[in-house]
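Questions regarding the structure given below will be posed in turn.
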């Protein structure tokens, strides 16, 4: 027997809710874009190779201004000014600046300056360049003495790099959010006695479960496709091999489906789906590298992170986007995603059988 | 013609407790059968097994000759009205019915007409396109009943449909059930309100602690088990109580004379309360009755007689 | 309990662990030393431990090809007349490390510091400190949001109208409600400060200033939640919108990212978010320790107090209305 009428039934509810909640639905599509923008800009900052130099210049004489201008002229340095010693020191301590220069009340070229240094990787090389900028009594460092930066592969600005990472990252993140939030569909059916009532209709509960899962799959897939298309067009992000991206996205939506079914049997009340759902999604995302690349975290944590489906999806998307991988190269990731998705669905179905006392003979 | 519903030997235990114990129920077309019992007697468990929601430990359920567990065809002949509301509150009444119509596999071509008719049947036509959370409690109950009507079931099973319903909605529900019955539908109806059972049911089964302990037409059960009318007679001079008891004990057709609460109580053996004889004999004995209250027996009394408990404990 | 206390601790550990190697990223680095032979220990004193794997290449072209193919994360060409760093545009983090290494190896590294009196800033905020503070603020906003949302449901469910029928006066009821929510937030912050101090050794800074800032932060969380709760949607949707807004504010406030590489624009945006101000205030207190003064937290205090006042005022006004509706319904 086909489950077409079950699909049609949920289609009625889905369409009715879509009609009444257009704004909320739009938010579900637009919000990830906002996150991509914000996270992209944030991550882009980490890709910016210049060193930030904090400067406290309370006098502002021609000499200090000239020295600051010299530092600023170095393409590898950026100057951020501070108004007081405490703020500058705080900025050094918080890592906001590589070093903090304090010009004394009377300063002439060749005089010493006080420099606050943090313990970051940036301090020493930045100091080298700053010193070069301040040294008026000797020849400045020539360009030939300093290493030039040669970029291979695509030439991208740091913002593009940030967005390039944030786009797949937030696509994965929001697919997981969507899956967990849509567990509310099953929670509602379960807790308000719909499922028991459906047992008394010609429709089978497994069809209903299938439809609930498929609904989540559809929503997550539509959201992901929307994000991929919009980020391609608006941010010029090259997602890579089309077939590969499609297969990963299909599998990612499968994970959303699995989450919606599994957590639909666990959450108590739709409110839990709406509150704990996003929270859990963010934790899965952080583990799986949606807020920062897993390659920067210590190896044990990167391994642990792969308990989260986000890690596998990110591995696949980034391989396609950054390393010109083909769909064959990401088949293993896709396979793991599907194993996770189907395991979640199975666990959910078993849990549901347990809670509903569905000892009815198979129809 | 065979029964539309035939349930035999239904047993369901939860742990050591037998919630339903060897229950047989049969309902014919055009008949309303009530399952009357207090909360926790096993009514909902019985109905859940009949509707195929719960698998019995033993026993069989046939609807229109088909085993309810044999597949969709049997369940397509059944309309279940649950005690709880199976409605989406954030969409309209019509959309809810379209959802349930689809779940009952009503073909798309017939769906619109079926929804309209069900809405008209429960008197919600003018509010059909409003969101359900704007409905009153009674309206939501009526919509919950409409859920079970669109596929024209041969058997309608209603589980306490009038709990928490205002009198107006309650009447509408009664009329709806009667209309369906008159249309040849077999109706199984559970309630713990005896008035509902007396008004609607052609037959009632009295259920207590999981067993059907009596069965029959309401009037017949009352006549057989609850005895006749009880009379409560007050006399002007309480000192004459003893004398009155003797007089009343001598009247043929009365039984069980007692005193208490400043009155003399007696029951008629049959349905005739023998008021003329009571008044005449008392006056003859020089006793003047100041008031006589009549209390017609009900299924409540039947239940009390059978179990020693009130229905609404 | 789980959401309020356990999750923040777990997340703090998780994020702090993620960034615990920010100065020594695990990477494969190609090295092409022209001229002098190059000792890795000399070139990369800070990276000699293990995270940087040095892979020698004979010439620049081979190193370049290796970077492009992803075989190594970046390459440095050192020791010759034309030092260079070869990076892949998609790999910002290794690129930055590679540049630092290349600078170090440049001839003029020897001249570093000649005009500079190097002063230690007095330590550094560890990732653990930073994220302990960040997660405390994040989960405070969640907790307060939950409390304010149920209060809103009491308003809508006419619970307030029912309360108005008791001998308590409306202002007493409101004061009780807000007082209880305030206390709840303070308890959570207090517990998290204590736990992070004892378990992770996080030093939050001068107790009095921390306490003052904590009060303002709880107030601001109440204010933000009270403003958000006025968005006219159904209760289930409200829960979702609230969670999403909290996360968005957290991201805008820079709470999920270590501060080192965040672009300047975040400094400006974060100033407009109460949670960003709280983070700024608490991290400065933690960083400056005894050197912090009231001035250190003046701006966070001002901004958060303003948000607290506006939000709570809004909440009180709408609660007043809920009392009045109750009266109307009673008549």
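Residue numbering begins at 1 within each chain, and the chains themselves are lettered A, B and C in the order written.
As a convention for this text, a residue touches a chain if its C-beta (ideal position, glycine included) is under 8 Å from a C-beta of that chain, and two chains touch if they have at least 3 such contacts.
These numbers come from a predicted model, not from an experiment.
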Chain contact graph, described as a line, ring, star, complete graph or other shape: line
Identity of the most central chain, Cα criterion: A
Cα-centroid distance, chain A relative to chain B, in whole angstrom: 60
Distance between chain centroids, defined by C-alpha means - chain A, chain C (Å): 16
Where chain B and chain C are represented by their mean Cα positions, the distance between them in whole Å: 64
Per-residue multi-chain contacts in chain C, two or more chains: none
Shared-contact residues (touching 2 or more other chains) in chain B: 90
Partner chain A, residues of chain B touching it in the complex: 48, 51-55, 69, 71-73, 75-76, 78, 80, 82, 84-86, 88, 90-92, 95, 98-105, 108, 131, 147, 157
Touching residues (chain side chain A, partner chain C) in the complex: 21, 24, 27, 31, 34-35, 38-39, 41-49, 76, 80, 86, 89-90, 92-96, 100, 110-122, 124-125, 127-132, 134-135, 141, 144-156, 158, 161, 164, 181, 184, 270-271, 274-279, 282-283, 286-287, 291-293, 295-299, 301, 322-323
Touch list for chain A against partner chain B, complex: 1, 5-6, 8-13, 16-17, 20, 192-194, 196-204, 357, 359-361, 363
Partner chain A, residues of chain C touching it in the complex: 3, 7, 10-11, 14-15, 17-26, 46, 64, 67-68, 70, 76-78, 81-90, 92-93, 95-97, 99-100, 102-104, 106-109, 111-125, 130, 142, 146, 233, 235-237, 239-244, 247-248, 251-252, 254, 256-267, 283-284, 287-288, 291-293, 295-296
